[in-house]
Amino acid sequence: MKLIVLTGIPGSGSTTILNKTLEMVDYTHLNYGDIMTEIAIEEKIVEDRDELRKLSPDTQKVIQKKAARRIKQKSESANVIVDTHCTISTPSGFLPGLPAWVLEELQPDIFILVEANPDEIIYRRLSDETRTRDVERVKDINLHQEMNRAASMAYATLTGATVKIIENHDNHLDHTVSKMVDLLK
Amino acid sequence: MKLIVLTGIPGSGSTTILNKTLEMVDYTHLNYGDIMTEIAIEEKIVEDRDELRKLSPDTQKVIQKKAARRIKQKSESANVIVDTHCTISTPSGFLPGLPAWVLEELQPDIFILVEANPDEIIYRRLSDETRTRDVERVKDINLHQEMNRAASMAYATLTGATVKIIENHDNHLDHTVSKMVDLLK
Amino acid sequence: MKLIVLTGIPGSGSTTILNKTLEMVDYTHLNYGDIMTEIAIEEKIVEDRDELRKLSPDTQKVIQKKAARRIKQKSESANVIVDTHCTISTPSGFLPGLPAWVLEELQPDIFILVEANPDEIIYRRLSDETRTRDVERVKDINLHQEMNRAASMAYATLTGATVKIIENHDNHLDHTVSKMVDLLK
């Protein structure tokens, strides 16, 4: 059984690839934030996902750790792909999505970084009317992808997992998905 | 209460920004090397800062850890900004300024990397007559800043802190300081 | 006594530099894979090196850790330089050569990354008829070297070791070797 972590910055197209890939492989898909919300509701800490962000960092940390444990358990009886953020770009800087206390529980096999060119990412963000996203310049996008690469190697050092970069360029969706399928086999 | 770590390679202008920022925020400023010296003098290991460098790596490590603990304690009753090096460029290579045993004690909220363009850094170093600095080429400066970014994401992975890059370009000091002030709020 | 870890991607020329350097310094040279093989044969787990790769990841991990311990022991009575991979480029992505459980035992003084320009690396790989190597493009080589830099700073953060990048350009072998000799003194 495999446990895969899938990440990609907004506009990288990681969700599109994930959905197409799930049609072709026998994997259970989990979303890290959903699992955290599920746990926090069960423990009667919050009533919905929005309240999660308002919790103290310490409480969030506890829930984040429990979510990692739950995902790990599910991966013992099924192949699991969990989507989350490698780092989140916040006003206070890049926040690691998989800090040491999460990795300790999660122990995944592969970290996937879905990447695209900054211009592709900018166009995709502009076309996505379902979200309002901060306008980022080419250099901001390059920086975010660079910091994700660095973070992923720190994650790999702590866990022994591999880091796979999947390029997701315009008009190559089938090619990208077939790479994902090969990787998940 | 917040604990912020401020870093920047020589010529990045991190000290200038720090001094301007301290005029506008309620933060206690600590220098990592000063705290180490203070502890080593208290424990009668050295008589001044110069002797610190001559100590064995193991002794330095113990003092470094105690300094982290002292800084952490001070941050419990006041907002603290500590300036230190992300990595130090030595003849033996890049030495991490915040190795795991320091981070374990320090647990800061934000790592700030003050960056500038290599040409700005070279000019600033040339103009600074108070220090004799090794002449570094553009590629050396780019490399040092790249390694600091990578190191900072490893620090963030171990602690859960964010990494904020603040660009400090010529003739934009007020703008840069106002960004720092926003971040420290 | 010093313990140095030497790494470089295929075609970087790290082996050539190592052999020339060993003529001029008093260091014991160990190869990480050889030590792992030695241990696995002693423990009657395998009969030769090829079988090593076929072992389960968990068994490999145990042997990898024991190899780190043996190398560390040897470095207590002699200067040791161990050559291994910073990261290995596998179909599943970049695999860290020195994960946390290895670093914990190894605690080296310096990580050396031998680097060269992508075009130099491509030519050297083409000229090396002893190995069949996958053809990689310039961007793949740049990516691998970038990921190695990030990984090495994670290794440095966990151990406190320095990271030294040694550039190994065509027609500069003597110069490169003299830099290595200085570093190992």
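First chain written, first letter: the chains are A, B and C, and each begins at residue 1.
Convention: contacts are C-beta pairs under 8 Å (C-beta built on N, C-alpha and C of every residue); 3 or more make two chains touch, one makes a residue touch a chain.
On a predicted model such as this, the values are computed, not experimentally measured, just so you know.
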Once you draw an edge for every pair of touching chains, what topology comes out, line, ring, star, complete or other? complete
Working from the CA atoms, figure out how many degrees chain B turns to land on chain C, in steps of 5. 120
Hey, how far is the Cα centre of chain A from the one of chain C, in Å? 30
In chain B, which residues are in touch with two or more of the other chains? 150, 153-154, 157-158
How about chain B: which of its residues touch chain A in the complex? 109-112, 149-150, 152-154, 156-160, 162-165, 182-183
Going by the contact rule set out above, which residues of chain B touch chain C in the complex? 57, 61, 87, 90-96, 98-101, 103, 143, 146-147, 150-151, 153-155, 157-158
